[in-house]
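You will see two complexes here that share chain A, one where it goes with chain B and one where it goes with chain C.
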Partner chain A sequence: MANIALPAPRITDASGHYDLSILDNPRARSYYRRFDGILIIVLFSFLALGISIHYALTAGDWDYWIDWRDRRWWPLVTPLSLMMFIGGFVYPIWKAFRLPVIATAVTTLLCLVSWVSRYFNFGQFTDFPLSFTFPSTYIGLGVIFDSVLIMTRSLLISAIVGPFLFGALIWPLNWPLFAASKVPVEYSGTLVSVADLMGYQYIRTTTPEYLRIIEESTLRTFGGSVTPLTAVFSAFVAVIGYSLFLLLGAALYNFAGRYARRII
Partner chain B sequence: MNTAKSRSPARYLGNALVLGVLVLLALPMEAVAHGERAQLASMRMRTLHWFDIEVSPVRVNVGDTIVITGKFIPSEFWPEQLPSVTDTAFLNVGAPGPKFIRVHSEVNGVPMIRSTAFEPGKLYEFKSVVRARVPGRYHIHPLLNVKDAGTLVGKGSWVEVEPSPTGEPFTNEITTLTGETVDLENVGLKSVIGWHLVWILVGVAFLAYWLAKPELFIPRYMRVRNLGPEQANTMITRRDFLAGGIFFTISMVLILAGYLWAEHKYPVTIPLQTGKVGVPGRPVPSGPLVVEVENANYELAGRSLTMRMKLANEGDSPIEIREFVTANIRFINGPAAAAGVVENEELVAGDSLHSSVSTIAPGQHVDVVLRAEDSLWETQRMTGLIHDPDSRFAGLLVYRDAEGKRYYQEVGGSILPKFF
Partner chain C sequence: MSEVKAAQYGYEVPTDYMEETAAGGGLAGHLRRNRLAYIGGALLLAVGIGIRIYQQMMSFSVGMDFYEPEFQTYWMPLLYGEVIVLGSIMVLGSIYMWMTREKDAASITPEVELKRYFTLLGVFTVLGVWAALIGALAVESDAAWHQVAIRDTDFTPTHIVIFYFSLPLLTAILIPTFIWAHTRIPAFMNRISVPFLGVVAGIFMIMPNYGFNEWGHTFFYAEELFAAPIHWGFVVLGWSLFFLGPLAVQLIQRMAQLISVVTTGRDCMIADR
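Up next, the complex of A and B:
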C-alpha cells in the first residue's frame, strides 16, 4: 500500500523523467480519485470560508444593500476585493496542477454562500426583503478570467487580460440585476431611486444614510460618462490588485516548496 | 481498504467546514440589540435632550401606521471628545431590524430622507411615521445617528403588532416616475433570481468540466512535475482550449444580452441619490427666567443630583419649577400624573424633584437648591458619572407661569461627586 499512498516515486529513467506507470494502476487510480474528492471538498470549503470572510471585510456593506451599489465605488471596490483573493490562489493551483478553475470556483462559491447568508441572516433572521439585499453576481467574470488563462496558458498575459475584463465587465454583468432599483421615484418632494427609497424605508438602525460611500465626484468627471470611465479605472485597479496578490501567492508557494523539500 | 470507512472522515470534514461557513457568516449589524443604558452617563446627559416623545397607537395590525413624535435640543455642553451634531446626522428609528418600514420623517417640517445637521441650543420637533410589517412586540425609539459619534437614543415605547386581520401579506407598493407600480418587497426579484440561476448554471458547468476529469490533483501534479516547466502547459489540451473558448464566448454573449435586456426593460434610470438637506432650528422657549448655575453635586449614596443656581424672574407672572429632564429621565416636582405623562411612559419619576423655593415671583432674584433624587439614577446606570473623563452635567429645566404656559431651557455645568 505504501507505494500507492506516496504520490511521487523518485525513480527517474535515463532521460530524467519520473516513473508514471503507477498512474496506469487501476487501484492507484481509484485511490487518487477518492483523494481528489477529499481535496475538492477541503479546497472548496476553504475557498468558501475564506472568500466570505475576506469579502465581508473588504466589500461588506457595499454588497449587502442595493442602495450602496453605485456607479462609482461598488464597481471599483468589489473587483479589487475579489481579484486580490483570487490572485493569491491562482499561482499555486496553476503551477502544481495546471488547473485554471480558481476564479470560477471563488465566484461561484461566493454566490452560493451569499445567497444562504442573505436568505437566512438578512431575510429569515432580520426580516430584510431579498429585493433589498440580494447578492450581486460575479460568476461570469470568474468564467471569463479562467477561460483567458486556459486560452493563453500564460500567467503573465492572463494577469493583464483577465483582471482587466474582470474590472471592466462588472457593471454590465450586474446591470440586469440592478436596473430595476435605479428607476426614479418622487418621494416627499425629493427625487430618489427605488434603491434609495428602500434604504430609507427598510429601517437600518446602525447604517444611516450618510454612511454610504457612493457617487463621490471629482472635477475630472465628464458629464454622462461616469460608467465607462469607472470601468476603465476599475479594470486597471483590478490588474494591479491581482498582480500584487499573484506575486504574493507565488512567493508563498515557492517558499513553502523549498521548505517542504528541505524537511522531506 | 474499506470504502465506507475511508469516506466518512471526508464527509465529516466537509460537514464541519460547511457548518463553519454558516456560523462565520456575518450577521447584519442591524440585528444587534440597542444599548440604551450602555452609553456613558455624560454622553446621555450632554448630547441630545429628547422630550415630549409620544408613540401612538401602541397596538396595531400589520400594515397600520404608527406615529412617533417628539422634540430634541442638541446640548450646548456637547462633549469636546465627541464629533458634533453640527456636522452630519440622520433621524432614525430604533427598532430590531425592519419590523416596520418608515414611510415619512420630518424635522421642523423638513422631510428627512437625507442626512442633515443640527445646531446646539436650538429646538427641533420631529415626526416619524412607520408602517408595521412583521408581527411581534417591539421597543421602538426615536434615534439620531451622528456621523463618527454613533447613535443617540431617545425614550423607547413598547409597541404590539398583530397579524393583519384579513391575513393578507404585507405589501409596499409605490409608483415610480416612469408610471409603473411596484411592490418594494419584491421589486425586480424575479429577474435577479433568474439571472443568478443562469450564471450559477454557467459556473457549475465550467467547474464540472474540470472536476469531472479522471485525473485531478495528485495525478496532475505528477504529470506537471514530469513534464517540467517548459512542457507543463501541454496539460491544457486542445479540448480544454476549445471548452475555454466556448465558455468565454457564452459568458461574453450573456453579459451583452443581459445588459441590452436591462437597457430595454428599464430605459429610464438614475444614479443613487445622496446629499444633505438643511433644517432651520427654532429658538428654545425659555421665557422670562434667567438661570445661572453655581455648582452641582452628585451624591452616590443618596442617588441624587443637587444643583445650586441663581434664578431671576424677569417676567410679570410667577414661575414654578416643574421638571428636570436629563438622559431621557423626567424628574418631576409633584405627582407624575399632573405633568402630562403619556400612557405607559417610561423613565418618569414623580415627586423626585425638590426645590428650595416653590415659586419665583416677578422680578425676584433668588438662590435655589434643586435636588433630583430617584433610584432611576442607579437603574439607568447614571452612577457612572464619576468615571467620565469630563465631569459636567446638563439637562432641561422645565417651568411654567401662572397661566400654565410651559417654558424650558438647558442648564448645566461642572459636577462634583460626594462619596458620603
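Up next, the complex of A and C:
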C-alpha cells in the first residue's frame, strides 16, 4: 500500500485537490487514456441498459406504436420519463468531471438501442412493420439540454431552462417523422388518421381499443390548440421531474457516495 | 516511453514493474492488457446472441403454452440450466473470492493495486457488453411478445430469457466481484463502498420483484399495459444505476493517486480533506 493515503470516506469536490501537472507525463496520460476508454464503455453500456429499462416501463407503450404517439399523452409522458433518468446522472458527472454530456448520451443511446430493439424484437420477432413501431428521436433535445448547461454553467438555471425546452420542443422535433402517419383518411365512413388505420390492421392482442389512454375527448380534431397547450404543460412537468431527480442524484453523490464502516 | 523521455519531463520514474510496458506496445499490447475485457466480452456476446436466436426460433413454435409437452422439452430444461449455472457461479465464485482473500493489505504495492483496479474495470467492461445486449435485445422483446401472445401461462419464453438469465447474470458476476474488490483493493478493504453496494444490491433486488411480477401476472389474462404499476418495481430498482456516478468518482479518485505514484513517484493529492 506504500505511503499513499487512502481516499477520504466521503466524496468531496475533486477539483483543486489534485496536482494536475501529472498529466504532462506521457506514461500517466497513457494510463488515463486507458481508464477513459474503459469508463466510457462501461458508463455508456450501463446507461443504455438503464434508460432502456426505465423508458420501456414508464413510457414504453406511448413510444412503441405510431398510433399511440398522440398530441396529448405522448408529448407529456416521454419528456418526463427521460428527464427523470437524465436528472439522476447529471449532478455527479457535472460536479466531478464537468462534462455536460449526459442528456446527449442518454438520448443517443436510447435511439441506438431502440432501433436495434424495434428491428429485432418488433420486426423480426413479432412481425410488426418498422413503419408502425419505429422509435421517436430525442437526440436534438439532449443536445439542447446539454448546451444550456454548458452555456449557463449553472445547475439551477439549466434545471429550469433545459427541461422546459426539452418538454416544449419534443413534438416539433418529431413532427417530420410523424407527419405522414397523421394524414386524415376515411375508413368505413369514419374519419381516422393513417396511424389509426395501421393500428386497426396490425392487431395487438393485448391492447384492445378501450385500454388506450390517448386523445380522450368527445370530439377529435386534426387542428386546434391541443399540441401547443400540451407542450407548455409538458415543459413545466419536465422541469419538476428533472429537478426532483437532480436532487436525488446530488443526494446519492454527497451523502451515499462514501465508504461505510464494515459491520461484519 | 523511455527513461530519457521521462527525464525530459522532470520526473523520477520508477523503473520496476510497469504494466503498460510489460504488456508491450501497439495493438498486441493493447489486447494483452485488456484481455479480460475482450475475451469475457466476446464470450458473453456469443452467449447473448445464441440465446436470442433460440428465443427467436422457439418462442412461437413451442413456447406458447406451459402445459404443452413441447414446452417441457424445449423451455423448462433451459430454465433449470440457467438457475443451476448462475446459482453455481454466484455461490462458488463468492466462496472462492472470500477464501482466497488478501491477508496482508500492507504488502500490496501501488503497481499491483493499480493493476487490480484495471482488472475491476475489465470485469465492468464485460458486464457492460452484457448490459448493452440486454438493453438492445431483451427488454423490449418481452413487450413485443405480450402484444401478440394472447395470454401468459405459468412460464413465458421471454421471461425465461430475461428474468431467469439476462438480469440474474449481472448479479451472479457482480456479487463475487464485489467481494473480490473488497478483499483485494486497499481503498475498499475494511470498509464498504456504498455506491458499489448500491449498484449490486439494486440489481440483486430486482430478483424478488420477479416474484411480484410473476404473481401479478397470474391475475391477468393479458398484459394490457407495459407501463403498468406491476412493473414499477423494476424501474425503481433500475435506478440503482444512479450509484454508478459516485462509484466512478470513487474509482478515479484513488486511481489518480496510484497513476501519479506509479508514473512519477509522488502522490498527486495536494490537500488532505
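Points to keep in mind about this one:
As a convention for this text, the second predicted complex is superposed on the first by the 231 of 264 C-alpha atoms of A that agree within 3 Å, B and C clash if a C-alpha of one lies under 4 Å from a C-alpha of the other, contacts with A are read in each partner's own complex, and residues count from 1 in each chain.
Basically, a contact is a pair of C-beta atoms (placed from the backbone, for glycine too) under 8 Å apart; a residue touches a chain by one contact, two chains touch by 3 or more.
What you see is a predicted model; the values in this text were computed from it and never measured.
When the two complexes are superposed, the chain touching more residues of chain A, out of chain B and chain C, is B. Of the two partner chains, both chain B and chain C are touched by A:Thr126.
Judged by the touch definition given at the top, the superposed model places A:Arg34 against both chain B and chain C. When the shared chain is aligned, chain B comes close enough to touch A:Leu197, but chain C does not. By the touch criterion defined above, A:Ala56 lies against chain B and chain C together after alignment on the C-alpha atoms of chain A. In the superposition on chain A, A:Leu248 makes contact with chain C only, not with chain B.
Of the two partner chains, neither chain B nor chain C is touched by A:Ile160. Of the two partner chains, both chain B and chain C are touched by A:Ser117. Of the two partner chains placed by the overlay, neither chain B nor chain C lies in contact with A:Leu229.
Of the two partner chains, chain B and chain C are each touched by A:Ala96. In the superposition on chain A, the residues of chain A contacted by chain B and by chain C overlap at 1, 7-8, 17-18, 20, 32, 34-35, 38-39, 41-42, 45-46, 48-49, 52-53, 56, 60, 64, 96, 112-113, 116-117, 121-122, 125-128, 204-208, 211.
Chain A makes touch with chain B in their complex at residues 1, 7-8, 17-18, 20, 23, 29, 32-42, 45-46, 48-49, 52-53, 56, 60, 64, 67, 69-71, 95-101, 104-105, 107-108, 111-113, 115-117, 121-122, 125-132, 134-135, 137, 139-140, 142-144, 146-148, 150-151, 153, 169, 172-173, 175-198, 200-212, 214-215, 226.
By the touch criterion stated above, chain B contacts chain A in their complex at residues 1, 6-7, 10, 13-14, 17-18, 20-22, 24-32, 34, 88-90, 92-95, 97-104, 106, 111, 113-115, 130, 133-134, 143, 145, 147, 151, 172, 174-178, 180, 182, 184-189, 191-193, 195-196, 199-200, 202-204, 206-207, 210-211, 214-226, 232-233, 235-236, 240-241, 243-245, 247-248, 250-252, 254-256, 258-259, 261-263, 265-266, 268-274, 276. Chain A makes touch with chain C in their complex at residues 1-9, 11-12, 14, 16-20, 22, 24-28, 30-32, 34-35, 38-39, 41-54, 56-62, 64, 88-89, 91-93, 96, 109, 112-114, 116-118, 120-122, 124-128, 204-208, 211, 248-249, 252-253, 256-262. Within the complex, the chain C residues that touch chain A are 1, 5-6, 9, 11, 13, 18, 20, 33-34, 37, 52, 55-56, 59, 105-110, 113-114, 118, 121-122, 124-125, 127-129, 131-132, 134-137, 139-141, 143-150, 186-188, 190-195, 197-198, 222-227, 231-232, 234-235, 238-239, 241-250, 252-264, 267-273.
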